[in-house]
Amino acid sequence: MSTLTDDHAPTPDPSIFEPAGEHISDSLLRTLPGDAYGSAEIFAREQEKIFEKMWLCAARGSDLAKPGDFKTVQIGKESLIISRNRKKEPRAFFNICRHRGARVCSEESGSGKRSFQCPYHAWTYDLDGKLIAAPNLTKMPDVGREEYGLHQAHVREWLGYIWVCLADEPPSFEDTVMGAVRSRLGDIESIDHYQVENLVVGKRIVYDVKANWKLIVENFMECYHCATIHPELTEVLPEFADGFAAQYFVGHGAVFGDEVKGFTVDGSEGVEKIPGVTDDQDRRYYAVTVRPNVFVNLVPDHVIFHRMFPVAHDRTIVECDWLFLPEVVESGVDLEKSIKLFDLVNRQDFEACELCQSVTNSKKYEHGGVLVPSEHHIADFQNWTASAIAG
Amino acid sequence: MSTLTDDHAPTPDPSIFEPAGEHISDSLLRTLPGDAYGSAEIFAREQEKIFEKMWLCAARGSDLAKPGDFKTVQIGKESLIISRNRKKEPRAFFNICRHRGARVCSEESGSGKRSFQCPYHAWTYDLDGKLIAAPNLTKMPDVGREEYGLHQAHVREWLGYIWVCLADEPPSFEDTVMGAVRSRLGDIESIDHYQVENLVVGKRIVYDVKANWKLIVENFMECYHCATIHPELTEVLPEFADGFAAQYFVGHGAVFGDEVKGFTVDGSEGVEKIPGVTDDQDRRYYAVTVRPNVFVNLVPDHVIFHRMFPVAHDRTIVECDWLFLPEVVESGVDLEKSIKLFDLVNRQDFEACELCQSVTNSKKYEHGGVLVPSEHHIADFQNWTASAIAG
Amino acid sequence: MSTLTDDHAPTPDPSIFEPAGEHISDSLLRTLPGDAYGSAEIFAREQEKIFEKMWLCAARGSDLAKPGDFKTVQIGKESLIISRNRKKEPRAFFNICRHRGARVCSEESGSGKRSFQCPYHAWTYDLDGKLIAAPNLTKMPDVGREEYGLHQAHVREWLGYIWVCLADEPPSFEDTVMGAVRSRLGDIESIDHYQVENLVVGKRIVYDVKANWKLIVENFMECYHCATIHPELTEVLPEFADGFAAQYFVGHGAVFGDEVKGFTVDGSEGVEKIPGVTDDQDRRYYAVTVRPNVFVNLVPDHVIFHRMFPVAHDRTIVECDWLFLPEVVESGVDLEKSIKLFDLVNRQDFEACELCQSVTNSKKYEHGGVLVPSEHHIADFQNWTASAIAG
């Protein structure tokens, strides 16, 4: 068991944020300054340097089961159409007609489309984005069908989710997304045991959080707050009451309390265990942060999967899926006790993040706050974001 | 019949907008870049260089029939009082008391005022804007009654509308406003036949459009979209289904379909024809764009008159009047079928403009979209706006 | 009786605002330019240079009677907790946990707290702001309890109100706050007669005014508008109809009309007179402006006390207290006629200020308006604000 380090974090360059102006105690590290959370300008740079450069998790693959099923997703400033072509391969199109720029799809989702037709002048694109029809198109033979196809984003499917990257040259998916899982769990096999791609969505809750996305990440990474705001969670995971997060040590999963029967709001029995989960993993909770927009929570009988969509420096939409075995969901068994636990945790966390957001413009928070020892690993994430937007 | 050119457009200077970064096909021209529609800064420059410099159509003259009738109108950042003096001449006052700057008129409209009195300290102005009374004014003999009169805008009345110009030195009304009509129709007599100043408002509809004013102008100038979004209009004007706008050729009016009896939503008979309309003009639709804020639509039995009031880079108020012969309106005959046609067209157009507005901040629309051949004349308008704000 | 001058006003430096572009008559002085009221940037400088530097009146002391009673107050960008320690001394804490910056108190007010505990990680502060507990705090012996106490603002209690100053080095309370009262009334004893600290709040009304705070101050300082908008007030104080404000002369109080029995909406009898009020002060109204956020109004039987909380360049929250003798309030006597008079005056004034706010971005108000002779003393306030933000 070794202290977690992140191989992907560039060398920190805190100089992009205003240097600290006060002495702090040796036990403490400094957080990012208030501006990092309170400034629309810094958020714009994060959108450009982080959210438009990295792999992001956009949609659950099963929401797009058939060719021509689609969802529109807002990623940073961009609206994307996430869909499947005739071979059921995922595709991600910028939702912008190549002619005069109208929004091609206004619906949130739809199914079984054979093509995408712009509602303004009827330019029409096939399920691979190629321009296939337009009024008088035959009189413009030099207008290439591929050249004037919908702009596309890079796309991958993993863990049953469709991941996209808006950059022209995406970073390695294996090194970044899968690398984050590997760094946290020690290997990729550990997550394979949960068969996340075969699970089905038993519940989805969308939270509208009035806080910067980094406050939500930082909150997820530490457990110093658990004793204060998560009574139900610390009942199930007693070691969380000591303030050390599951994410602090590579490969470590928090152990259920002795009396606890399952990962439920009252510690009672959960549902059928996922077959691949090993004895090592049984009765344990693992949390993984996949920068910049995903949290994965693994317990023996389900997986809780968070996707964050930052929309402003002080507002983040969080979509949370509770994933169970297909037979569990089909059986109609009551999932409420399983769902309730992390729904409570989410609400407790997001309320705390909002309390932090409200002070980010204060003169007294200009240099930020402090991290106690059990939070020191957050500094790694903070240095990474600071470096990313400096790059 | 010659291709329309605009004598008043200054030499285009596209360099003020970011230069295009991609190759485009020879059949196509480029639109303005996304910023031209999506940036509050560029809108502020348009307000200063276009809307505060040119003649704008502010109010229907008949709404101010008597001396002291008034309307308050928002033009760019300015609130104006449009009124008539004792000789019934139109006047346009900045709605700002010369003393401490209070809004003199808070009402949207009113009638028969003998003077305008500021509600704060009772400074009082006559119907020509002169300061005529104020508490203790007699003890300030050096305060000139003219010098401290209400600030005024230049004003003209034409086609039954009151036009204003906020500039100190207005451009020639004859060259610009009347010039736009002449360029489009070939001569001024052609519009005189419709006696627009003698018609009365049968209906006024105010639309709140969440789109940049230029998108509305560009939409009005082309008919490539007609087949897609205007089924009722192309039924009445079959040539519009081919995508060539009435505005493309000097003097051309789109001919009604053979089976069409009138310019109505179902092609049925309209109302009494305007007496001066010539045989050449009968059974035809003419559209005129008077930059920057007016569209005039001429059909044999009525005139549809649009005034645009841009309020933000992404919001434009459009007031549309349906004008008929006085005896038609007085007769109480049902105007609904005539009004319904262009009300539908307006709603279809404005929805399309809003679809375009929503993408203007996308990275993939940074360099804008493209114009097909039947839209190429829009480039002239786009070059004109680019040059105007560069000047 | 001498013309009022303000000893504390630094040398005016009007150059920080755009210089005036037009000639004005000799009888007149110029107001501040439109930007001074209409610009968010200038407001930000005022917050920094005025509201974060000077003594401000934050709360009525009696609202916090016991140790641990508290109110949260928004001052500029800062949320403060105003409270009392175990010795009942007033304290003002920045409402920011020293750990990760969460808002410590979310409630508007509360009573009898023994400590303030952050809801996020349970860092806990005593009633003097000292850090007294936190999870694992004993393992961080170098974290000083005083060093990591809540940030504090300077605090004073006078006239029964708690005044705060956010600056590290506050200006002299005696010279500024008390100095303003002395300059206006001639001495401090004059206000002592009203025993303001012993009166009780008979009524509090909170107004949300869509106007710049300086418009509200300027309005309060002059009475040129009284004849126009304050019919009830000029009935009680006939000299106000002439346009000369009570604040124009040191020590002057406006005399009640001969028929007037009390400072009430209809001039009828008020309530029991405050014992200390002298014969000189009887049947008179005194108004005092304590820059930047207080107005005090003294009449023989009550005191009307305004506190302004500017929240944006175009929005100010005004809290107004009507203070009476304790025995008057306890007796249950009807206070409505006394309250109604100044509530009406407030509403009339604030509506006028909003009329002025709406024109501040006009091109024709770029250089501002003018001050007539009975308003010339406002220029002193305007020069003071201009100098303050230039400093």
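We call the chains A, B and C, going by the order they appear; numbering starts again at 1 in every chain.
Just so we're on the same page, a contact is a pair of C-beta atoms (placed from the backbone, for glycine too) under 8 Å apart; a residue touches a chain by one contact, two chains touch by 3 or more.
Note that the structure is a prediction, hence the values are computed from the model and not measured.
S.K.: Over half shared or under half: which fits the residue numbers at the contact of copies subunit A and subunit B, same or different?
M.R.: Mostly different residues.
S.K.: On C-alpha atoms only, rotate subunit B onto subunit C and read off the angle in steps of 5 degrees.
M.R.: Superposing subunit B on subunit C takes a rotation of 120 degrees, nearest 5.
S.K.: Averaged over CA atoms, how far is the centre of subunit A from the centre of subunit B? Could you give it in whole Å?
M.R.: 48
S.K.: Any chance you could list the residues of subunit A touching two or more other chains?
M.R.: Residues of subunit A touching two or more partner chains: there are none.
S.K.: Could you list, by residue number, the parts of subunit A that touch subunit B in their complex?
M.R.: Interface residues on subunit A, with respect to subunit B: 52, 77-79, 94-103, 106, 119-122, 134-136, 139-144, 147-148, 151, 166.
S.K.: Using the touch rule from the top, collect the residues of subunit C that touch subunit B in their complex.
M.R.: So the residues of subunit C touching subunit B come out as 25-28, 31, 34, 224-225, 227-229, 243, 352, 355-356, 358-365, 368-374.
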